[in-house]
Amino acid sequence: MSLEKEKQLVLELILHFYKQGWMRFGSGNFCLRNGNELLCAKDRVQRDLLQEGEIVQFSLSDSPKVDNVEWSKIFAYILQKRNAVSCILSTSIAALGASLYPAKEFHTRSKEMIKGIPKGHPSNGYLCCFDSLKVPIIQNDSTERIYESIKQTLEDYPETNAILIRGYGAIGWGSTWEKSKTQMECYDYLFELDYKIKNL
Amino acid sequence: MSLEKEKQLVLELILHFYKQGWMRFGSGNFCLRNGNELLCAKDRVQRDLLQEGEIVQFSLSDSPKVDNVEWSKIFAYILQKRNAVSCILSTSIAALGASLYPAKEFHTRSKEMIKGIPKGHPSNGYLCCFDSLKVPIIQNDSTERIYESIKQTLEDYPETNAILIRGYGAIGWGSTWEKSKTQMECYDYLFELDYKIKNL
Amino acid sequence: MSLEKEKQLVLELILHFYKQGWMRFGSGNFCLRNGNELLCAKDRVQRDLLQEGEIVQFSLSDSPKVDNVEWSKIFAYILQKRNAVSCILSTSIAALGASLYPAKEFHTRSKEMIKGIPKGHPSNGYLCCFDSLKVPIIQNDSTERIYESIKQTLEDYPETNAILIRGYGAIGWGSTWEKSKTQMECYDYLFELDYKIKNL
Amino acid sequence: MSLEKEKQLVLELILHFYKQGWMRFGSGNFCLRNGNELLCAKDRVQRDLLQEGEIVQFSLSDSPKVDNVEWSKIFAYILQKRNAVSCILSTSIAALGASLYPAKEFHTRSKEMIKGIPKGHPSNGYLCCFDSLKVPIIQNDSTERIYESIKQTLEDYPETNAILIRGYGAIGWGSTWEKSKTQMECYDYLFELDYKIKNL
């Protein structure tokens, strides 16, 4: 896809994610990679009224010094480290609820929707619905420290496709933009369902 | 209706069901029968962005060997056994909540919406709002075993129009596509309401 | 307004009410009066896909014998008795929750939204936000007995603009279609809010 | 922006806010300032069907005597006192829930979304996500007394950008219309999240 078309895709998907409740205010983001180039929305810009001029393009090597995108270095690191094409930073209420569990990981099992999550890279296949799904939870902190925590977490959890950040939300990634989207749909569903069950 | 028009209908209804929360990720399905031919969406394909090329057509006799539609044999069996025209596999949060009740059946009574559910085939009339509605719950398992459970359940509950699959969702069917849709609206509503009351 | 325009209005408003969650399946209704003529949707007809041909027109005197609209006699009675122009029968989850309270009335007070409810007819002015709002709850039963209960309740509660029917929903009316709509928005909001507070 | 364009903006934003659940019935409002001129919707007018003729224009000096806008004087006072351009009066269920807490203030901390709230005027910078956010709660009363309470509260809480009114909702303001909107998105999110956590 050309960069021009990808910009349109980023605009459309961010609006879609806003409607799903993943991106209120200028928080939450979607970062799409095309070779060495990355696209995402500026920080503190309205997700439901995003303009083309508010999409930032930067290269992998430039990622640490991008203005207006605090997480640029984190997005670049995850996408390279996991050989992924896009990642979604969601601040949905469901993700927040799960991020606040007083535990090191969010756990769920025996839910059909777990099948939507790959064992690390999709080339290793997918989890079975009876598998246990763990999503590591890290502390919120300065961007630099979140970067360090995520680096460590990617080592400690080689199979995870998402990380919860306490009081912040969830970051997930996928080997195509479709996979990052459907995987986040699964995670968000599982977070929401878990809350519902806890209240039965 | 021509198969071409039915394909359009499947596309439209699946998008509608996605918006209702019945089909996140590539899960959930809608299967429509036209004589010996069946139409439904491929597995693991985005329900909100479904393309015409992602709708699979197969015949009743081919149903056990359809690629990309794990439930093809189950859809075909239910539609034939119950003389139905379409069925909906929903993974809504409301259905999931109900499927996780530690019981063999979901029970509810004295709700007006129960009137929307037929006593088996609509030719036998509909339940009264004061009737007790039971929806059997089966275990989730391999597709082959779910097939066997559903076969048994259709024998054990000759009047039911839906089955809950624990941790998975609900499958419902109707003698027209409209009935399968409105009946699932009733079931989903009753599942949601029951959860709400339990939390009062 | 001409009857033709009113039919369009009924079509549009019922779709709007469906989206609000007031009318799932073929349940819930909106009845609009134009002199001696009344318009509403047929029973058991999909509210989200309502067709012009599925709107029934009948006169006040014909109301007891209308096919396909079980509540025709009730709608006609309420509209005449309360000098109202339209009524809404809602089966929203919020109304259902409130209808199931083990009490003769739903009570709430000190909510700003109470200001949206008139003291009986709007010509008597509106409730103050500090007033206590009572909505009587009647039992669900055969249409004939609901008719009798509603008749009695209109006598017992001369100021009410809505009645809850246990396990069924809520019927509300207004002196214009706009008022019946905004009043039901207030009731639904107050039912939803009350549930929320009970869970705090 | 011309006043004509601003009227269009008010119409569009109020519809958007209705869809967010901030303005049911004729309650809730959005007031936009252009120099000495203010625009907002009339009281008791349907927010989802707002017409251009239902937008009221008045000047700062006229604010105490505007018909059909009970809060005109309050809007004018806040906008001047805080050097703001627009304010949003929300009656969302989330705001109502928070307004009913038996405390003088709504408190939350360690949530990323807190970053969206300025320390008083945005020229002083924004809160950090680890800061504690307080939103004062005042009693609902006559408009005149709410006016007095808000006056006092603006003195007592020089940094706040919103006030909760018990049983009524929340009023928030911003130095641009975009900021008043995104800030209310943050507040509403934090109110909703807090309720969710309380129920865990």
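For reference, chains read A, B, C and D in written order, and residue numbers begin at 1 within each chain.
Note that a residue touches a chain if its C-beta (ideal position, glycine included) is under 8 Å from a C-beta of that chain, and two chains touch if they have at least 3 such contacts.
Chains and their UniProt names: A, B, C, D = 5'-methylthioribulose-1-phosphate dehydratase.
Keep in mind the model is a prediction, meaning the values are calculated, not measured.
The chains in contact with chain C and with chain D alike: there are none.
Separating the CA-averaged centres of chain A and chain C is a span of 44 Å.
Averaged C-alpha coordinates put the centre of chain A at 31 Å from the centre of chain B.
Annotation for chain B: residues 199 touch two or more other chains. Taken as a contact graph, the chains are arranged in a single closed ring, with each chain touching exactly two others. By the touch rule above, chain D contacts chain A in their complex via residues 16, 110-113, 115-116, 129-130, 178, 181-183, 185-186, 189, 192-193, 196-197, 199-200. Against chain D, in their complex, chain A makes its touches with residues 24-27, 44, 46, 48, 91, 93, 96-97, 100, 140, 165-169, 195, 198-199.
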